[in-house]
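The data blocks that follow each hold one structure.
Both complexes shown next keep chain A, but they swap its partner, so chain B is in the first and chain C is in the second.
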Partner chain A sequence: MRMTIAVAVLLALLPLGLPPYAMTLLTEALIMALFAMSLDLMVGYARLISFGHAAAYGLGAYTCGNILLHTDIPLPFAVLMAGVFSGVVAIGVAWVCTLATGVSFSMLTLAFGQLLYAVAFKWTSVTGASDGLAGIPRTKGPFGTAFFGTKTGFYYLTMACLFGSFLFARAVVRSPFGAVLRGIRENEAKTLSLGYNTRLYKIAVVAMSYMLGGLAGALYAPFAGFANTELLFWLLSGQVLIMVIVGGTGTLVGPILGAVFFLLVQQQLSTYTDSWALVFGAIFILFVLFVPDGIMGLARRRRAH
Partner chain B sequence: MPLLELRGLTKRYGGILAVDQVTMSVEPGEVRAVIGPNGAGKTSLFHLITGVVKATEGDVLFDGQRVTAMPAFGRCQLGMSRTFQITALFPEMSARENTSLAAQARDKQRWRPLGGGSVFAEAQRRGDAALERLGLTHVADRPAGLLSHGDQRLLEVAMALAQQPRLLLMDEPTQGLSVEETAQAVDVLAGLFASSDLTVLLVEHDMEVVFRLARKITVLHRGAVIADGDPEAVKADATVQSAYLGGYV
Partner chain C sequence: MAGLSRRTILTAAAASPVVLRHARGETPIKIGMPVALTGPAGEIGTQMRHGAEFWAKETNAAGGILGRPIELIIQDTTGDPATCVRKAQDVVERDGCRLLFGMTLSSEALAVVPKLGEWNAIFMSSDNGDGRLTGSSFVPNFFRANISGPMETRVISLWLRQGKLGKFFALGMDYAWGHNSIGVFQDEVKRAGKTFVGDVYSPIGTKDFSTYITKIRQSGADGCFLVLQGDDNAAFLSQARDYRLQDKVQLITSIVDLNSIHAVGDAAIGLAGSTRYVATIDNPKNQAFVAAWQKQYNALPDVFEGEQYQACKMLQAGIEEAKSIDADKLRPALESAKIDSIKGPVAMRACDHQAVQGGYIVKVVKKDGAKFPVPEIVTTFPGDQVTPACRQMTFDS
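Right after this comes the complex of A and B.
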């Protein structure tokens, strides 16, 4: 808890000293961090590997974009509503996906992601098809304040979402519900035979994961001012899974670091070469081979020494 | 009224009749063993009782309630706890976390997603009591996967006990144990059954184990019941002897 507060204070003070472009990068990093952390809930704690987590992100982004474009609902509320919506949709998605287990489950999540991607291309009135939604505004409020629309204000809103989600996710994984998730991760058949309706637990954790992932997407829409089909594409699903693995699954903090690391590498390398993904791919392979427990695993081993 | 009652229970896999019109019952406080040679349908019968597979025909009644169509976790919630033929644990969790998670399944707030300190405290209290009854307190903090095979088998029993079951179902409790380990495990189990009024149904093919633990025996052969009664009567039964000698056709 002390660590969490220290990091929060540090992040809260950063806007005082950072140039605007760095603030933009940092805000994006925090959004990605929230996205990666949301995936860790299902991947790291219930071993439910999703290859389609972009569905959560894209759903959040398009929902929030539409709310902001068509209503006067204050920005923070629009973001929250889009996250909740994403979580509600996930109940249906998870209901179908949990009919399968293991690789088949992962394939179904991928299929759902690509299904939404295809829908986004055709449903012009809601998604703007291949043009996407452009000019997404940062609405005023609550109480008429324009603060959350400013660069600094939006950064604080993102930070609040990340920390709120982190505290929520951490409470969940430490709760009785979280203990059952660990049981499912280690031996689902046994968990079922103890009298837990494991499928309901899995549906619930997928819904939570999508809700927080949707929250991240919902922040991205007003951050970038647009939403397009790329936010639903499998490439993003793959990238966020890589962030989780590089950061360290089942740690919540690890994927946050993984996302920041990913964005930093992308930012630094893309100024030199278009093939930055190649380098990151190599880094990913090295992590999987030599540091399977990710950045958090490295940190833990250092502490143990 | 019997705690568990099977009426004409039948399971067919395609053309194979795995369980054939089995009718039997387990009275409260009884320790009963289902025995039979390999392929007699013991495990299939066990699956039908626990709800892992669905019956083709017939009924399973638990405490007078028909549970034939109820899923496995539902039957468990009614008070059936089971152990597996091949040890099933949470290997990376400590022994204490294993029993605690088992006990938590009996808590109305087992699904609570936030807070829950009281749920954990109660579950751990019950889990620790179960560990103590099986003499596992000294390994409580060790990861379950690192325990000796004998202790792992007993830990599984402790997990079932932590649920304070009304019916304890055991699938070959000494499966895979050495002669020495088997003797130790049987001692612990015999002590446990003697000191409690647990109702137990166990499936076992090791006759020595059966005659030490069970007060009642049901004999299966080719999916059907061929004998039922006290150990002495079953031992003397001619059909049973010929079935075990392989002469029963």
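Right after this comes the complex of A and C.
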């Protein structure tokens, strides 16, 4: 807890000394961090490996984009509504996907993600098809304040969403509910035989994961002022899974670090070469081979010494 | 991998003796250029880069603008609007650019323009076709030096009114420019008292056009309007030749460019359509430009190279008039900017920031001695006939 507060204070003080460009990068990193953390709920705690988590992100982004474009609902509320909407949709998705387990489950999540991608390409009136939604505004409010529309204000909103979600996710995984999830991860048959309806637990955790992932997407829409089908593409699903694995699964904090690491590497490398993904691929392979428990595992081992 | 990295260009600009000799100690005028250098629109983006680099070199050799050298900061957007927004944000916030070129696709431009106010940056478009940019999506910091989609479509429809074709089909790329141009075309065809039998849209990057060609043949049209560019255009033209589509249907394209002609060779013969720029325009300014261009690149300047050069000249005229690159001073200067361009007189319009200019109809013909078929100017229409009313995309007469 002390650590969390220290990091929160540090992040809250950063806008005082950073140039606008660094603020933009940092805000994007926090959004990605939230997205990666949301996936860790599924992957790290219930071993539900999703290849279609971009669906959550895209749903949140398009929902929030449409709310902001067509209504005067204050920015923070629009973001929250889009997150909740994404979570509600996930109940249906999870109901279907949890009919399968293991690789089949992963394939179903991928299929659903690509389905949404295809729908977004055709549903011009809602998604703008391949042109996307442009000019997504940062609406005023609540109480008429324009603060959340400013660079600093939006950063604080993102930070609040990340920390709120982190505390929520941590409470979930530390609760008896979280213990059942870990039971599913270790031995689903045994958990089932103990009398837990594991499928309901799985649906619940997928919904929570989508809700937080949707929240991240909902932040991205007004951050970039733009949303298009790329946000639903499998490439993003793959990237976020890499962030989770590089950061360390089942730790919540790890994926946050993984996302920040990923963005920093991308930002630095892409200045030098357009083939930055190649370098990141190599980093990923090294992690899987030598540090399978990710950045968090490295940190823990160091502390144990 | 196409294109120089940002660092290479910075180094090149810094090391150039020309810059040092003429503008020692002056801070450079930085112009950000997020442009599609790879992907389906990569060919167009590469042309835009060539055009801008040619102008920067020429201008720096003549002492820069206001005694300051020009520095281009070029970034690859891959033709994706989301990447384009990020790269534009990068050149503005990281590199401190307050002037922008590039944004190859209209969908990229539409994504970027809402941010111009916040960045206090001016964007001079050299190729964006979508009419909404000077219509419903107009922002004060956007200027369009090029012919827009509705304008090139208008040129075609004015020309078709004189012809005998009566039934039209349309094929366009499935994004902003394609939909916008075909919408205007449909409207124009009906106004001319002719028949519009249908339209179809191909996703960006389509390689197999056989189903589209079948649809065109089955439609019974005697003319087909094409809104394709880059690799898609070349793929369609060569496949249309294989299916002998040209024997039945007159193909009318919204942009006739050298790149497509060179890609498909004789398959382009007989193609007619509008063009935004062609090297054979007959005036001294253009002849000098073409000669200098040939000296540097050993090729004729293509459509988007000429258009980019014109856009650069327009921006330069504005900066020289305003004596500043500050958006608040540059905007009014650009609003009344008039240049004697390679296409003749071109004037920026204050009400919607669209440059008023004439349009060309060309036909691709085989010429003795030339390696490739060449576009020949058939007719030209003056700017007041082809430019829509302020912030409009359709025409009243």
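The rule is short, and it goes like this: the second predicted complex is superposed on the first by the 305 of 305 C-alpha atoms of A that agree within 3 Å, B and C clash if a C-alpha of one lies under 4 Å from a C-alpha of the other, contacts with A are read in each partner's own complex, and residues count from 1 in each chain.
Following the convention adopted for this analysis, contacts are C-beta pairs under 8 Å (C-beta built on N, C-alpha and C of every residue); 3 or more make two chains touch, one makes a residue touch a chain.
For clarity, every value in this text was computed on a predicted model and none was experimentally measured.
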Q.
Looking at A:Y196 after the superposition, I want to know if it touches chain B, chain C, both of them or none. Which is it: first, second, both, neither?
A. first
Q. Which partner does A:A204 reach: the first (chain B), the second (chain C), both, or neither?
A. first
Q: State whether A:N187 touches chain B only (first), chain C only (second), both chains, or neither.
A: first
Q.
Touch test for A:P176: chain B only (first), chain C only (second), both, or neither?
A. first
Q | Interface residues of chain A shared between complexes with chain B and chain C | A | none
Q: Please give the residue numbers of chain A that touch chain C in the complex, ascending.
A: 19-21, 24, 121, 129-132, 134-137, 224-226, 228, 230-231, 271-275
(Q) Give the list of chain A residues in touch with chain B in this complex. (A) 171-172, 175-180, 182-183, 186-187, 189-198, 200-201, 204, 208
Q | In the complex with chain A, residue positions of chain B that touch it | A | 50, 71-73, 76-77, 81-82, 84, 88-93, 97, 100-102, 104-107, 109-116, 119-120, 123, 159, 163
Q: Mind listing the chain C positions that touch chain A in their complex?
A: 1, 3, 5-7, 38, 76, 80-83, 85-86, 89-90, 93-94, 106-107, 110-111, 113-115, 137, 174-176, 203-204
